[in-house]
Structures are given as C-alpha cells and as structure tokens.
Amino acid sequence: MKHRHDRQRPVRPGTAPGTISIDKDAPRPVIEVIQFDHESLRRLQNISPDAIPQVADDSVTWIDIIGLGDKKVIQQVAERFDIHSLAMEDVVNTHQRPKLEAFDDHLYIVLQMPSRNGSLELEQISLFVGKNYVLTWQERTGDCFDPIRERLVLPKGMIRTHGNDFLAYALIDAIVDAYFPLLNQYSDALDEIEDQLTVALPQQPVIQRLHHLRSEIRTVRRAVWSHRDLLASILTYDGDLIGRDARLHLRDVADHTLRLVEMMEISRDSCSDLQDLYLSTVSLKMNEVMKVLTIIATIFMPLGFIAGLYGMNFSREVSPWNMPETHWYYGYPMALAIMIGVAVGMLCYFRRLGWIGQSASN
Amino acid sequence: MKHRHDRQRPVRPGTAPGTISIDKDAPRPVIEVIQFDHESLRRLQNISPDAIPQVADDSVTWIDIIGLGDKKVIQQVAERFDIHSLAMEDVVNTHQRPKLEAFDDHLYIVLQMPSRNGSLELEQISLFVGKNYVLTWQERTGDCFDPIRERLVLPKGMIRTHGNDFLAYALIDAIVDAYFPLLNQYSDALDEIEDQLTVALPQQPVIQRLHHLRSEIRTVRRAVWSHRDLLASILTYDGDLIGRDARLHLRDVADHTLRLVEMMEISRDSCSDLQDLYLSTVSLKMNEVMKVLTIIATIFMPLGFIAGLYGMNFSREVSPWNMPETHWYYGYPMALAIMIGVAVGMLCYFRRLGWIGQSASN
Amino acid sequence: MKHRHDRQRPVRPGTAPGTISIDKDAPRPVIEVIQFDHESLRRLQNISPDAIPQVADDSVTWIDIIGLGDKKVIQQVAERFDIHSLAMEDVVNTHQRPKLEAFDDHLYIVLQMPSRNGSLELEQISLFVGKNYVLTWQERTGDCFDPIRERLVLPKGMIRTHGNDFLAYALIDAIVDAYFPLLNQYSDALDEIEDQLTVALPQQPVIQRLHHLRSEIRTVRRAVWSHRDLLASILTYDGDLIGRDARLHLRDVADHTLRLVEMMEISRDSCSDLQDLYLSTVSLKMNEVMKVLTIIATIFMPLGFIAGLYGMNFSREVSPWNMPETHWYYGYPMALAIMIGVAVGMLCYFRRLGWIGQSASN
Amino acid sequence: MKHRHDRQRPVRPGTAPGTISIDKDAPRPVIEVIQFDHESLRRLQNISPDAIPQVADDSVTWIDIIGLGDKKVIQQVAERFDIHSLAMEDVVNTHQRPKLEAFDDHLYIVLQMPSRNGSLELEQISLFVGKNYVLTWQERTGDCFDPIRERLVLPKGMIRTHGNDFLAYALIDAIVDAYFPLLNQYSDALDEIEDQLTVALPQQPVIQRLHHLRSEIRTVRRAVWSHRDLLASILTYDGDLIGRDARLHLRDVADHTLRLVEMMEISRDSCSDLQDLYLSTVSLKMNEVMKVLTIIATIFMPLGFIAGLYGMNFSREVSPWNMPETHWYYGYPMALAIMIGVAVGMLCYFRRLGWIGQSASN
Amino acid sequence: MKHRHDRQRPVRPGTAPGTISIDKDAPRPVIEVIQFDHESLRRLQNISPDAIPQVADDSVTWIDIIGLGDKKVIQQVAERFDIHSLAMEDVVNTHQRPKLEAFDDHLYIVLQMPSRNGSLELEQISLFVGKNYVLTWQERTGDCFDPIRERLVLPKGMIRTHGNDFLAYALIDAIVDAYFPLLNQYSDALDEIEDQLTVALPQQPVIQRLHHLRSEIRTVRRAVWSHRDLLASILTYDGDLIGRDARLHLRDVADHTLRLVEMMEISRDSCSDLQDLYLSTVSLKMNEVMKVLTIIATIFMPLGFIAGLYGMNFSREVSPWNMPETHWYYGYPMALAIMIGVAVGMLCYFRRLGWIGQSASN
C-alpha cells in the first residue's frame, strides 16, 4: 500500500534537540557555487564542502546544495556558515511548514517547491540569506531555478547588478510562480470532470478522480496559504538583510501569492460544486430508472394477472360457474379488450403524472 | 473544450520581473484623449502615442487606451507617464485582483468591469491617477463610461468643475454600478429556477443551469468583495492625489459595494437553498414513485400467484387430491372472491399506512 | 412571475451622484408635524412643505413624511433642512442597509421597519436627528409609531420631558421591538412544520413552506444583524446630538438587538435541523417502502414460479418423463406443501434480518 | 401544541422604557434574607419587603427573592436598593442573555440556571452585588444554592470569613457547575443513540430523539458560551465591588466555563457525526435491501417466463410447429435443466459482482 | 455500556473551592526524585513524601509523582511546595484543558500525554516549574519520559548543563512529540479505509470504523490546538522562571505544535472526504443495482405476459374468436418471434439509454 498522507519521518520522541538524523534514502548532497559581481561570474559544480570559496564583500555567492543524505557534509557546511543546530534540524527533517526565522546574522526561509509528475510532490527548499551570500538546500535534483541561472549569465541582468537579497527574491519568485502552471492543470482537470458529469451518468473512476483531485487541491491550497503568510512575514521583517529594492519586488511576489490563494479557493469551491452536481445528477438518474421500472411493472403486472386468470383450469363440466368466460362466444376478444384498456389507462395515468412526457424529453 | 476556469496566461516561471509579454490575441491599442477645464473641452480620437497632448496644470487630461496588443505603444505611453515596470506588468497581465498601489506621483488602481453577453466576463480596467491626469487601460472596446463622456460635454456638470480625482471617482462609480444590473439578472434567473423546481420534477438542464449560475455568482461575489476591499483601501489612502470632495463621494461608492456584497450573499444563499430544495423534492418524488410500484406489486403479485395456482395441470383422474378445487361447484366464484379479498385487504393496509391517501392528495 | 428577490431599482450606471430619481409607483408624500415642549403639543396633519413650522430652540419638532412619490416636495424639505444630496439620494433609493452617517449638523440614520402581511416586507425609515428636530421619511402609510404618538400626548411622559434625542431613541426602539412579534411568528411556523414532519411523511407543500420560511428568516436575520451594527455605531458616536440619557436608553436597545440576533440564530439553526430531520425521515420511510416491496416480491416470485412450473403443458402420453408429478397420487398436496415451505422459510429469513419485526413495530 | 422555541413574552412595541409588566402566571415572590459576619448568622424566611433588615457595614446581607409575580413587592425592593428601572425591566422580562451591567453603586449580573426534568429549562437568576449585600431574584423555587446555604452555617467556612463578593462568587460558581451534570446526561444520551444506530437499522423514534437532543444541546451550548463571555467581562471589570480574592476564584470559574464550552463543542460534533452515521447506515441498508430484491427478481423472472412458455396452449394437432417440445421424450427434464442452468448462471454472475458474498458476510 | 465521551467526574455543584476530592479508583502515588548538577546525579525511587530532599540552589530537583489516589500524600507534597489549593484541585480533577497559570513563585502547566492502546487515552500531566525544581504529577504509570531519564544520566547532556527550565522544556517537548506517531497511525488507518472504499462496496464495519476514527481525530485535534495555545502563552510569559535558552527551544516546540495542528486539519478533512466518497460510491452502486433490476424486469415482464396470453384456456370449440392463434399453422414460431422481438427491442432501448454499455464497462 502506498502512503498517500504526508507522513512525519519517525523521530523517536524525547530525542535531544538539534539532533541531525539523516534519512537513509535521501540522495547524497551535490554542491554547486555561483559567485558573481557586475563584471564576472564564476561557477563551481560538484565540489566538496572544503572547496566552497570564501564569501567576499564585493560579490554575491550562491551556494546550492542538492541532496540531504550525508550527515558529515551537511554539518561541515552548517559550521562553515554558523547555522544554529535547531535550524539545521529543520533543514534535514523536511515536511516543515513554509516559515521565516530571523537569526542574528542570517534569515532562514523554508519554502515548498511544487512538482507534479503523476502525483503531486512538494519539495522543501531551505534558504539562508546572510551577508553577501545565499545558501539553498534542496531535497533532490530538479528545480525551477534554471531560468535564473540563465539570467545570471547575462552581464546586465537585474540580478547581476543587485545584491544577494535580490537573488533571494528571484529564487522565492521562481518557486511561487511554479504554482501557476499547477493550478492551470487543476482547472483543466476540473473542467474535464465537469464535462464527464454533464454528458452521462458518472462512472466510478470519475468519482475517485474527483476525490483524489480534491485532496491534492487541498494540499496545494494549504501550501499556497502558507506561502502567503510567509511572504507577509518577510515583508514585515525590518532587518537590513533585505534592501528596499528587493522588498519592493517581494511585495509583488506577495501579490502573486494572494492571487494564488484566490485561484485555489475557486478550485476548492469547484470541487465541492462538482460533488453536488454529481449527487444531483445521480439522484435524478435514479429517479428516471425507477420510473421506467414502475411504469413497466404497473402496466404488465395487471396484464399478466388477467392472462393468468384466463389460464386457470376450472373445468366447465363440473359447474356452469367455473370459468364461463372461456366459453362465451366473444370471450377472447373481450379479454384482449380489457387488457388493452388497462394498458391505455395506465399510460394515461402516467402521462397525467408527467412521468412519460418527462422521461421522453430527457 | 472551452475553458470555464479563469486561467493564468502561461508566463514562464523565473522570467525577469517587469517583463511585458504581450498576449498575441489582444486587440491593438486605440488611444483617445479628452482634455477639459471649466470652459473648454478637447477630444482627440484614435491618435498615436506621440500625439498625446502635454498634461496641463489648469486642465484635466483623461487618456483612455483601449486594447493591449502592441508592446511598443504600451511602452511609449508607460515611459511618457513614468510608470513603474512592475505596474506595467500588471496592466498587461490581466486577471489581477482589484487593488490599489500608491506610487510616489500616481496611484495605480485595478478594477474589474463586468459584462454578461451569454457568459460572464470581467474586463480588467487599470486606472492611473496622477497630477491633473487620469490614465485608463482597457482590454477591449465596450465599456460603461459613455454616460460619463456625455456628462463631460455639459459645461456645468460636476466633473467639469472638479479636478481629475473627481473624474477618477466617476469612473470607479460607473464600474461599481455596472454590477447592479448583473445582480438583477441573477435574481431573475434564480426566481425562474425556483419556479421550475416547484412546479414539477426538475430536469437535467435545470440542474446544470443552477450549477453554472452558482459558479458565476461565486465569481461575481469574489469580484464584489475585492472591490469592497479596494474601496476601503482607497478611503484609507491619505495622500493628496484624492481631494476631500472626491473622497466624500467615494465613501458613497464604498457604501454601494457594501450593498453589492450583501446582495451577492443573498444570491449565494439562494443558490444553496435551491440545491437543498431540489434534493428534498427529488427524494420526495422518488418516494412516491416507489410507493406506486410497491402498491401495484403488492396487490398483483399475490393475485397472479393465485391465478397461477389454479392454472396448474394436476390431473384429477389420477388422484382425488389433485386440484379438487377445480372440480368444486362454486370453485371459480370462490377463487375470484379470494382474489378480491386479497386486493381489498392490501388496499386497506396501504390506506392505514397512509400511502394511498397521501399519493392521491399530492 | 412575482419577484421574490430584493431588487435594486434600475438606476442607469454612470448617473451623476446625488440625482433624485423618483419611483413612479411610490405614494405621494403626506407631511405631519408634531411640535411639543413640557407644556404644550401642536399637531399639524397633511400640510404642505411650506407650512412646516420653524424649528424652535425651546421645543422639539418631529416632521414625519410618509410617501416618497413627489420630487418637488422632497427637494423642498431637503433644502429646508439643509440635507446633503447624497443622503437624499439614499432616502429616495430605498433598499439601503441600516446605517448611520454623521453630518456636521445632523445624523442620518437608516432603519428597516418589518411588517408581515402574507409576505415579509421591510420598509426603509430614514431618520434625521438635528438640533431640536427629528425628521422621518417613510415609504408608505402604516408604521409602529402609534404608541409613541399616544405617549406624546401625555404631558408627563418621558418623551415630553426630554429632548429630541430621546424622541429619536423612542422611534428606534419602536422599530427594533417590532421585530419581536415577527420572530414569534417564525417560531410558531417552525414548530408547526416540525409537528408535520414528525407525524407523517412530509408533503410537497411542507417542503416549500420550509424553503420559503428559510429564506424569510435569512432576510430578517440579515436585517437584525445590520441593526445590531447600527446600534453599535450609534453608541460609539461621540457628537453632542445624542445626550447621555438617550445614550443610556439606546444601550438598552442595543441589548435588544443582541437578543434578536440570538433568536434569529436559533431560528436559522432550527430551519437546517428541520431540513435534516426531513431528509432522515424520508430516507427511513423509503427504506420501509422498499422492504415491503422486497418482502412481497421475495415471497411471491418463487411461489409464482412453482405454480407456473406445474402449469406447463408437457403431455404424459408422449413420455413418462414429462411432468410425472402431475400424475402422482399426492402430487398436489406436495406442491402446496412446497409453496408453504418456501413462504415460511422466507418469512423466517426476513424475521432473522430484523425486517419484519421492525416494519411491524413502526 | 406545546411551544418548543424560546418565546419572547409579548410586550407591545413602543411601550415606555422601564415599564415593569408582570407575567400573570409567575409565582408570587417569597423573600428570604441571610445576614452574617464571622461570628453570627441570622436567617429570615418568608418575610415582607418592609421586614428586610438594614444592610450593615460589618456584615454581609443576602436577600434572595423567589418568584416575580407581584409588581408592588418588586418595586418596593427595587426602590429600597435603588435599582435603575431599565435593570428592573430586565429582571422581570426573563429570557435575557447572561450579561454584566455595571451601575455606579452596584453590579447587575444575569445568569441562567439549568435544570432538566423531562425537558431542559433555563431559569434566569438576576444578581445584584452592592456594598455589603447580594440581592438575587429567581423565577421560581428550586435552585442549586443549597450547598452554599449549608456551608454558610459553618462558622469557619470561607464564605463566612470573606466579603459579599465572595458570596457572589460562590453563587455564580454554583450555577456554572450546575451545567456539568447536564452535560454528562447529554453524553450518556448520545452514547445510547450511537449504540442504537450501530446495532440495527434506526427507528423513527431514534431520529426524533436525536433531533430533540440536538436542539437542546444547541440551546445549552449557547448558554454556556454566554456564560463564558459573562465571566470574561466580570474578570475585566475593574471597579472595587469585587475584591482580589474573589477575582482569583472567579478566574477559576471562568476556566470552568471554558471547559464547559469545549465539552459542548464535543457534544455538538457528536450530534452531527451521529446524523452522518445514520445516513450512511440507512443508505447501506437500502442498498442491501435492493440487492436482495434484485437477486430474487433476476433469478425468478426468467424462470417464471420459461415456465410460462411451456404453459402455452398451442395445440399440436393443428401443426407440428406448435409446441413440439411438449411432445419430445425428454422435453420436461430438458426444461428443468434449462431452468436450473439459468438460476445457477445468475447466481454465479451475482457472486462475481460481489453481491452475494457480501450480503452473506453482513 | 462503555462510556465513549469524556466525562466530568461528578463533583457536587456548590462544593467549597479548592476541595481535593480523590477518585477512589486512582492508583496510589509513587514518588521518584532525581537531583542533579553538572557533576553528580542522585535518583531516589518510591520514597515517602517526607523523604523528598531539600531543593538546593546549585542543583536541579525533579520530583515525579505517579498516581493521584492518596489525599494525604498529595496534600503533604502540596504544602511542601506551597501550591495554591485551586491549582491542587485542578491537579486532582483531571480532564483539565492544557493551560498555563503563573503564580508568584512557580508556573503551573497542564499538559495531555496521548497514548493509544486499542483506544485513545489522554493522560493529564501537571507540571510545576519553580526555582531549581520541577514537580510533575501523572495519573498513572507509563509515560514518554524515559529517553529524558536516559539522557539525564549522560554527564555532558544539554539537560545536565542547563537549569530546571531546560528540564521542563524537555518534558514538554517529549509530550508534544508523542503526538506524531499517533498521527501516523491515523494516516495509515485513513489510507486503509480509503482502499476499502475504493475496491468494493463498503461494509457496515468500515462505516463504523470511520465514525470512530473521526471522533478520535476530533479529540486529538482539540488537544493539539490546546497545546498550540498553551505553547503560545508560555512564549508570551515574561517572568524569569524560564530563561532565554529554554525559551528559544520552546519556540521550536511551538513550531512542532503548529505542524501537528496542520496535520490534524489534513486528517480531519480526509475523514470528511472519505465520508463523501462513501456516499458517492453507495449512490452509484445503488444506481447500478437498480438498473440491473429494471433491465431484467423490463425484458421479462412483457415476455411473461405474452407467454401467459397464450396460456389462456379459451376453448376454440365454443367460438372461432377464442384463441385462434393457438390453431394457426405457424402460431408457435410467430409467438416465439414476437418474444424475441420484444427482448431485442428492449435491449436496444437500454443500449441507447447507455445503461447496458455502462454497466458492462464497470
């Protein structure tokens, strides 16, 4: 059985705080460093922790660590950048909520990067913003930062000419914007389900798809709300690690999160509308099925009874009272006439009830 | 498949901020300028960006740009009025929420103008209020500003004798008031559906119409709430771009948005009430259908069985035990009497259960 | 088709603010003035606007205008009391929310007076409280102010010995108290519906009555909440148009609105409880109907089949295999015994399932 | 018809404020006074208003008035203790919400004392706390103050050694604690209903009991929330009528109300859970009933048809085409074999659909 | 009948405040003391109250009392540590909400420790944090503090080198973390139920399991929210009993409670989603069952009627009108052809309605 619910990795309750317990299945960390100023850009890929260059005052250093599967490497980097053990615990124990924690000489920002290959996945991105450096921790390879890496190469890009806070803004912006295509996917899926519900009686798979969509949308909705709160708390942060210009652009990201929230609310409401539409449709179809059954039974049961009546084996020889009808000259035509009369009467009754006209018009 | 959900135009995540990406299907911009003071009014239609007259201190200039389909024209105008690139990004990327952004020398207000030709459409109107000018961007031709254009021609109209803030108020007021006829349409549609639900068993189309109405009402409700918030934030804006008199009138618009909100809440509640009414009605009708079926089956099944009993071919010649009834003198009348007895008994039973009296009274 | 939803009178969007557009169906205004102090009381009925006496410092003047159907009269009165055009627009465009607007020299209070003759109606009462005068505008004749008019005649009544703020309090109090009998009506109606739901299977009319009650209760609930907010804002008004003593009594009215709110919440909850009770009852009744059908069908179908079996026309002459049973000596009694056995077996099975004992005990 | 909803006693709207209108059915007041200090205690029972002893500075006087049916007595007491007419109106017009009103020289506290004999009743207790006295008004005999009266007799009880504020605390505490046994009753009732829902298909009476329980729980929940608010406002009262020690103990009572609120929320949630459980159970049972019917009908209808087929009276003499089967040598065994084949085939089909295994396993 | 609802132990309303009434079934208290500083650790197990060592300034003393069944022992300890009688009342009357009460020289913290052996149990842990000591009261043996006891033994553990506030933090942290495995259990149970709902028609036991799970999740959710509030109020406590370092770590615990809250919300939503999925599935299955029944009945009822028609005993001898068909040469093949025609016609009709294709595709 696959696990559908977000599950806390089992850490033994009562463990000492700040303990870094590595998930054995996590990929081993790969370190990439990009150091740049207005004029030059240096890119170091797949280096060891010792090879991370010194953070310089006149350039911006972005240290990007992908994979959390090696305790030693992680601790080396943590010591190098003087990160509090409680923060490191949160970096390694993924499934943190998006949040901002302000330490003396750096900010610790947790974000969730969405991806949807088959099923939805939210990857925790830990972002440390210090003096002249940005340190990012990713759970696994594959991110939405490639356009930023491309723009970094352009010498006159805004990121090159601004400080590390602007780089941090660009990373946050990329993560938040990664939710938009996801939402479009959900909208398409909801439209498709609505079409299926409208055309014919929904099938079991449609119900289950709606059920799964609903729970995914709920997860994304929660993530989106958390990012909204995160952005709000970043905007109220009044330290000097984030400059005026980056702040102005972060306000724009905050606006995007507001729009995301609104779009998620629409999707959520659509889900419950579709659930209602489904129930209405099923109850209506049921009603139609029952009407067909009732009409058929109500017509043919009396007819069958009449036929059975004339099929009784009372013998005329014994008594003139026994089934005289079967010996009348026009007995049979009369029996048929009675049957036709009953059938026509029933049909008229159902037409008056509006059952037949209706089931025909549908 | 048409797209029913509001969809974000796909902008590649990680794009540089302030990038103006034009929607290829957008109509090309048409520029109209109206410049007026107490005494004179000048109207320039379909001019090029270069031909936009200088904003003068002693007159009000309204630049109205309809269509967002030409990057060059848009950027020319943006530079002319010194508009921040993030604001311009929002002008072009429609589907923004209604909002107010205060820049140093102008206000940026986003509004949604409703129209309903077949389906509901919300057109984004971007409004820049600077010193002595109002700059509006519309997505396409067709707006609700014609009465204002007419009133502008009158030399002693309030708009002519007040500043550009009053013109901005008049535009906002026109957009907000454009929601009222829409709401009346929804009220009529809901009344009509209620009538259909009351008279007879609802049809599939009614359900789907209710479903669509519900989702439209939800969209309008969200827009109306946003405008309420927008007006509230305009009223708390304390810069000098909006004067005391315009503010007093904007308070009146804010009051209109409150009424709109209340009316939307009523419509929303009516929708869910109708959903409930539908479900109650269907379950009641179902119950009646089932009762008819059960009454018919419960009467005719025993009768049919009795008839079948006397139709068995046991032959009297073999044994006196075999179907002696068919040879009794009053056998047949007795059989008929039993049948009538069973039928009457069942009918009495159903009358006692209240099934027959009820189904007749309905 | 009658209009069930509160409908905004269609005012063309973009109309100049403060325009007074008269509803043609509105009754023509009738003006009544009562001027009193400790000692004397003067009552002028059905006078023209010119005949309204001067407001005096040492007496209280109550101008009561009933009917909003004459633009000229309305404007005359508005000018006389120096009322802002936006306020006058609200007086004439009824369907305003209850609200307080504080102008420099008078308060403008909007209230909704309930009445229920067949259907619920909320009449807008506009109340202007200035220095030594109270000006009320009513939509039509018929109000709840008669007891106040009676108490005014008593020379030592509290209203006579207090200022115009106390008269305003008395009018507000009368309107708020007019909701209590309405709520009792709703409680009675809900009790009656509950009885009908409990005794027998509910009828279509009951469902529709509950539906209509629900929407009326929702309307009243909204009105009551608005008045609660209105009273709260009157109590926080800190100008000198309302004195300490009237304020103390208005606190009591605010307390009444709180109680009204609570009673409305109870009514609303009762409505949804009754909806639930209805659905539970219907599903239970349905179950019982289905059980009766199933029991009957399950007993008589096998019996009918057995009878049909012995009614087959295989002829013994052709082969000894063909229906030997019909030629056995005890064939017929055995067939009857089998039938009785099947019937009894089925009944035992249903008793074990608990279907029969149950349907009997209900 | 009994009245289930809390009903406002009809007071004519527009009545002068502070009017004391006596309910004719209310019992006549009985006055009891207990006056005590550290050393002595004096108890006067069933005395006239004139006989109420003077409030002394060095002792605490508790005046307890049971019954509100005599206007003269009530007014005498009100004048004696200088109670505002609006407060007295609330004492007499029971059905007030729990509330605190601070007057200059006394506090007016309204509480609701619960009792449940058959049906739930909330009796209004009005509590005036002045200097050295506590004045309580009860609607009728029967209260939860007996343990306090007993403790008062003990010379070294905390109440004897503290001021009148501590006596007021003890009374409030007794009323709040009186809700706990009530809640236990509700928990028991809910458990019982849950058992009934689980064991067998619920009966009509269970549904109605759940419905009534639900509305009672809602009433108590509202009362409990009101008392929570009341205690919160008592704790924020900062006058000197309540001392530091009583305040500390009142904080404990406030904590009790929080617990009551939580317990009521649990009960309310249980109610709606049970409603859901009921609906789930009924729909499942319905499904089972329908399956039984369908299985029986699907097996016996084809069988019955086959039997009917061989019961047709085509005569072989006329044509060799007419019912040759009835003249085949092994015709009858073949017919039986076909029937058995159809029956077995249907059973296999239902087993494959999972209908039969399931209905057996239940 | 077992009691499923949390039930208040019946304390007679009106009892004097601070009364310690012992639950007779509670286990007798067992006292354990651990006293430690940087260098040494002393552990005293199962001692009498008199043997509790003096709290020393240079070491931390943890007094752990398990069991609340002996009034004398409890009072002895309470007097020794100077605990207010109202606090002691709450220690003994378990079922308190999680809360913080700040007294002059100690903090009183109530927590709920979860355990789930078969059914969920929340054990009240009362924690007193004074100068250099921590006093814990447990209801019964079995807690989640063993890892802390183990870490205490390590001479260089963080707890050994910090003050008693850090010990308190560790205890609170252990209790909060004990909720995580519980939540994973719930997630697993919900996944399992979802699988059962998806595969086949749900059984009665599944419904009841979902019902019980739902009510447990609700209880845990409430506990988790309370702990969140508790942690928030601990963090806003500004006395000096909790130092800066412990506070920093407590912020981390508060973050855990936020995550717990979020996980509980997910579980709660999953529960109601599963309820919806169940209802959708049942209604769909019902529809399928009804279709099978209707198809069978609609085909075989007309066929049965036709067969019955030809089984009527009209005798040809009497009249040529009586059942001439049975004497036609191709009468029987024609009858069969009519029957086949009816059956095929019905099947085509159902295929056109989409009933047969659908029920096959499922």
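Things worth noting here:
Read from first to last, the chains carry the letters A, B, C, D and E; within each, the first residue is number 1.
Following the convention adopted for this analysis, contacts are C-beta pairs under 8 Å (C-beta built on N, C-alpha and C of every residue); 3 or more make two chains touch, one makes a residue touch a chain.
Every value quoted in this text rests on a predicted model; they were computed, and no experiment measured them.
Interface note: chain B and chain C, two copies of one sequence, contact each other through mostly non-matching residue numbers (shared numbers fall below half of all numbers used). Computed from the mean C-alpha positions, the centre of chain B lies at a distance of 40 Å from the centre of chain E. Annotation: 25 Å between the Cα-based centres of chain A and chain E. Shared interface positions of chain D, i.e. residues touching 2 or more other chains, are given as 279, 283, 286, 290, 293, 297, 301, 304, 308, 311-313, 323. With chains as nodes and touching pairs as edges, the resulting graph is a single ring in which every chain has exactly two contacts. Around the closed ring of chain contacts, the path that opens at chain D and continues to chain E reads D, E, A, B, C. Within the complex formed with chain B, the chain A residues making contact are 144-148, 151, 157-158, 170, 173-174, 177-178, 180-181, 183-184, 187-188, 190-192, 194-195, 198, 248-249, 252, 255, 258-259, 262-263, 265-267, 269-270, 273, 276-277, 279-281, 283-284, 286-287, 290-291, 293-294, 297-298, 301-302, 304-305, 308-309, 311-315, 318-319, 321-323, 354-355, 358, 361-362.
Chain contact summary for the complex, chain A toward chain E: residues 1, 3-8, 10-17, 86, 90, 95-97, 99, 200-204, 207-208, 211, 214-215, 218-219, 222, 275, 278-279, 282-283, 285-286, 289-290, 292-293, 296-297, 300-301, 303-304, 307-308, 310-313, 323, 326-333, 335.
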